[in-house]
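What follows is one structure encoded as structure tokens, with my remarks underneath.
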Amino acid sequence: MTTTSAPPGPPRPTRRLGDRVFAGSATGAGILILLVLAGVAVFLVTEAWPALTANSADLPNGKSLASYVAPLVFGTLVAAVIALLVATPLAVAIALYITYYAPRRLAATMGYVIDLLAAIPSVVYGFWGIAALAPAMVPFYGWAAEHLGFIPLFAGPASTTGKTMLTAGLVLAVMILPIISAISREVFGQAPALHREAALALGATRWEMIRMAVLPYGKSGVIGGAMLGLGRALGETLAVAIVLSASGGITFNLISSSNPSTIAANIALNFPESSGLAVNTLIASGLALFLITLVVNVFARWVVTRRAEFSGAN
Amino acid sequence: MSTETTLAPSGTGGNGSPGPVRTHRRLPRYGVAALYLGGVVVGALLSALTGFSIALTVVYGVVLGTLAVYLVARRVEGRRKATDRLVTTVVTSAFGIAMVPLVSLVYTVLDNGLGRLDSAFFNSSMLGIVGEGGGAYHAILGTVIITALTAAISVPIGLLTAIYLVEYGTGRLKKAITFLVDVMTGIPSIVAGLFAFALFALFFGPGIRLGIMGAVALAVLMTPVVVRSSEEVLKLVPNELREASYALGVPKWRTILKIVIPTAIGGLGTGITLAVARVIGETAPLLVTTGFVNGTNLDPFSGRMTTLPTFSFYQLTQPGFPPEFGIDRAWTAALVLIILVMALNVVARLISRIFAPKTGR
Amino acid sequence: MAKRIDVSDLDIYYSNFLAVQGVNISIEPRSITALIGPSGCGKSSFLRSLNRMHEVIPGARVEGKVVIDGQDLYGPDVDPVDVRRQIGMVFQRPNPFPTMSIYDNVVAGVRLNGGRLKKAQLDELVERSLRGANLWNEVKDRLARPGSGLSGGQQQRLCIARAIAVEPEVLLMDEPCSALDPISTLAIEDLMTELKERFTIVIVTHNMQQAARVSESTGFFNLSGVGQPGRLVEFNPTQKIFSNPDEKATEDYISGRFG
């Protein structure tokens, strides 16, 4: 290998004015993105600062900031985790069905429909949750409180409106379902045909082919998709604000009418009527949400990039 | 299905044709159907025990039928085929279960929203309306204005950033921008709203609510989407075309403007349209930035502004008295919103089809 | 119009990797010079350094001199864009611009460089360039159709027409026939023989018969070993290279005893 010691800087090529302007504005736009993100963090911290440093008696709940935010963080996590647990298996099933089970001609249309559903505004999911899902769940909640009450999750008393944490989680599940299945469908579809055909040539059944050639390939893609869905569920505001009756503290009881709110829903519901320190407190909770989603997203990107490095596909 | 597939064991070469391919014993299709039918009948009986319901019958029927098919298939066809059948059923039913809420969603919105989809809805605002009547004229205009402003901010920044990443970027700055664009894609919409609020509150005080604030908040959400999709599309433009242009003595910036972008224009248009579709339904950031009014305000730089999603949200949560009229308006607004998003998706498809590079190869 | 190229002590680097070392060569005007050699020996890098196209790759740079009729291409105030206007290039795979018609492809160089010509002048330029590329008769009735609808050989001739439409002094061709069938190859070779009346042509080729058929002079590039930089082993009139080369390595390569 012939290398030279530190190369003498090449003569700076003369550049045209047009090139300089264009390269400059493109670079400037990229740097602007950096600044905006830094700005998001800085402004949130600035506006949250009064609440972070305020005398605890002045805060909206008269206690400490931590005791104000904790139930919200808890509610956010519970709703998002329910959504994730329900949506991921179903989304994988949808993706598998569309890529490997559905009749060819139908598959393209269904993929398109799923993409469309992923684009439906979240406020509409909230509408559906309150109008269709919540009433439909009421009989189940009554039955669960009666027969499954020994499990803390279903301790009851059952909500009579259906506006419970479980309903909120299910609405979020339906909302992120198309998102996760759209990503899973993509990675399943990309599973190398060579491997799939090799599996079939060995006499594998369709399921064995999927297990041998498709799932290992698509696993981290599904995880990445699920993490993106989790990010969306954590940050979702209105779907939760509409369907959740939020009036309680931390509880694992999923079917009662007193539930902790979520950060985003709490901001949306209280922000328009708040002033002074209450606004700062809400922004402080928004900062907490920002950090949570940041962690989830960075983790998701890490999973997805790791896959890109190992799959050898470009 | 076919005649050689029977439940009875046929023995080796039982039909007098000992072909080179071993024929496996398989369940005939009518056998599978019969087993499911049996499952449904038993399921109907079971559900009748607790008060008959069709949903319960279907659930019992599918579960029992699948179980029966699995057991029989396991005896006749062997474990592997039986597992395959089981998984096929599980995947298909999971797909069916997943489609129920999605279909229900579309049905509910259509059912509730079609009632007020009339000309008054598009022609009148909520100024002075109590109870019946009124419409979303002001909200639709607000959505159009704010979305247009958002696009006017995001598209140039997003496109230029994508050009930087694909054509100019090197080293650490490129890596940092790529990473932060990824992070930005995950910003919760309400946080973007808070950012815009905090930014403007710093200069104008905490009571400030403007249309442009909403556009800034939405731009924070839309820009990374534009960057991502544009970047993907620009990367698809073959390097050979750039080289051909350089070799003609065309400067880089003209090559990008006249060769790269025209080649990618279809994909860029599709990506931008989808990004618009993504932000047009955003509600949360607008709740904290644009406020809410009943009248029409066309100036995003002064006073509060209503948009379709916030209109829909407030009509549902604060319908006034009597509530049914407000709730009807809310559903119709939601329906219009869905139609808008669908239309944008269709437009995006059309763009990508019309501008697809005409390669004769 | 055609010009003479003098290269002295040219080294080509990719970042810190020395890819080609110490090339000295004099290319005569109005002639075809062929560059042959095994894959990865730096002939294409060398060709691209003649019109500063290699600078498109980040980290690529050269040391040494490339002088065209007394002007140093790598002088401190020389704009690579101007260099490329004087020295055109045709690539291995035909690459007409997919968004443009045949007509627009031919005038692309002029238009993209901001030249404002009248319609009649443009028409005249298109006809002249397409005739120069032996393509006029095949496409004159469908000038408005997309260039990518042509066959591979026609596309390559379209690219040649596009390159000569900006009236360069030198034409560089990087394996212009390797993606084409024998008949299209023959058409391009005939075309090269016509074009050398007006241009200095340098062609990189893997096809030794092609080098023997069309060129006046041939340069043989080779690697002195794995990881070593490529060198110009021998540069001589084509006839001499193929009958009685000075170097053993050249003879081995030409007679197939390479490696």
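The letters A, B and C name the chains in turn, as written, and every chain counts its residues from 1.
Keep in mind that, in the parts below, a residue touches a chain if its C-beta (ideal position, glycine included) is under 8 Å from a C-beta of that chain, and two chains touch if they have at least 3 such contacts.
It should be emphasised that the depicted structure is a prediction, and the values quoted were computed from it without experimental measurement.
Asks: Measuring centre to centre, with centres taken as mean CA positions, what chain is farthest from subunit C?
Replies: Centre of mass proxy via C-alpha means gives A as farthest from subunit C.
Asks: Report the chain ID whose CA centroid sits closest to the centroid of the full protein CA set.
Replies: Nearest to the common C-alpha centre lies chain B.
Asks: Need the CA-centroid distance for the pair subunit B / subunit C, whole Å please.
Replies: For subunit B versus subunit C, the centre distance works out to 50 Å.
Asks: Taking the mean of the C-alpha atoms as each chain's centre, how many Å separate subunit A from subunit C?
Replies: Centre-to-centre distance between subunit A and subunit C: 53 Å.
Asks: Would you mind pulling out the distance in Å between where the CA atoms of subunit A average out and where those of subunit B do?
Replies: Using C-alpha averages as centres, the distance is 14 Å.
Asks: Going by the contact rule already set, what residues in subunit B reach two or more other chains?
Replies: Each of 251, 254 in subunit B touches at least two other chains.
Asks: Which residues belonging to subunit A are in contact with no fewer than two other chains?
Replies: Residue numbers touching two or more other chains: 16.
Asks: If a residue has to touch 2 or more other chains to count, which residues of subunit C qualify?
Replies: Correct list: 81.
Asks: Using the touch rule from the top, collect the residues of subunit C that touch subunit B in their complex.
Replies: Spelled out, the residues of subunit C in touch with subunit B are 51, 53, 56, 58, 81-86, 88-89, 91, 93, 95-99, 108-109, 112-114, 146, 148-150, 159, 162-163, 166.
Asks: Of all residues in subunit A, which touch subunit B in the complex?
Replies: Checking each residue of subunit A against subunit B gives 16, 18-19, 21-23, 25-34, 36-37, 39-40, 43-44, 46-47, 89-91, 93-94, 96-98, 101, 115-117, 119-125, 127-128, 130-133, 170, 174, 177-178, 181, 205-208, 210, 228, 231, 234-238, 242, 264, 267-268, 271-272, 275-276, 279, 282-283, 286, 289-290, 293-294, 296-298, 300-301.
Asks: What residues on subunit B touch subunit A, complex-wise?
Replies: So the residues of subunit B in touch with subunit A come to 80-81, 83-84, 87-88, 90-92, 94-95, 97-98, 101-102, 104-105, 108-109, 112, 156-161, 163-165, 167-169, 173-174, 176-177, 179-192, 194-195, 197-199, 201-202, 206-207, 220, 223-224, 227, 251-254, 256-257, 274, 277-278, 280-284, 287-288, 291-292, 309, 312-313, 316-317, 330-331, 334, 337-338, 341-342, 345.
Asks: Taking the complex as given, what residues does subunit B use to touch subunit C?
Replies: 170, 238, 240-251, 254-255, 258-259, 262-263, 265, 357-361
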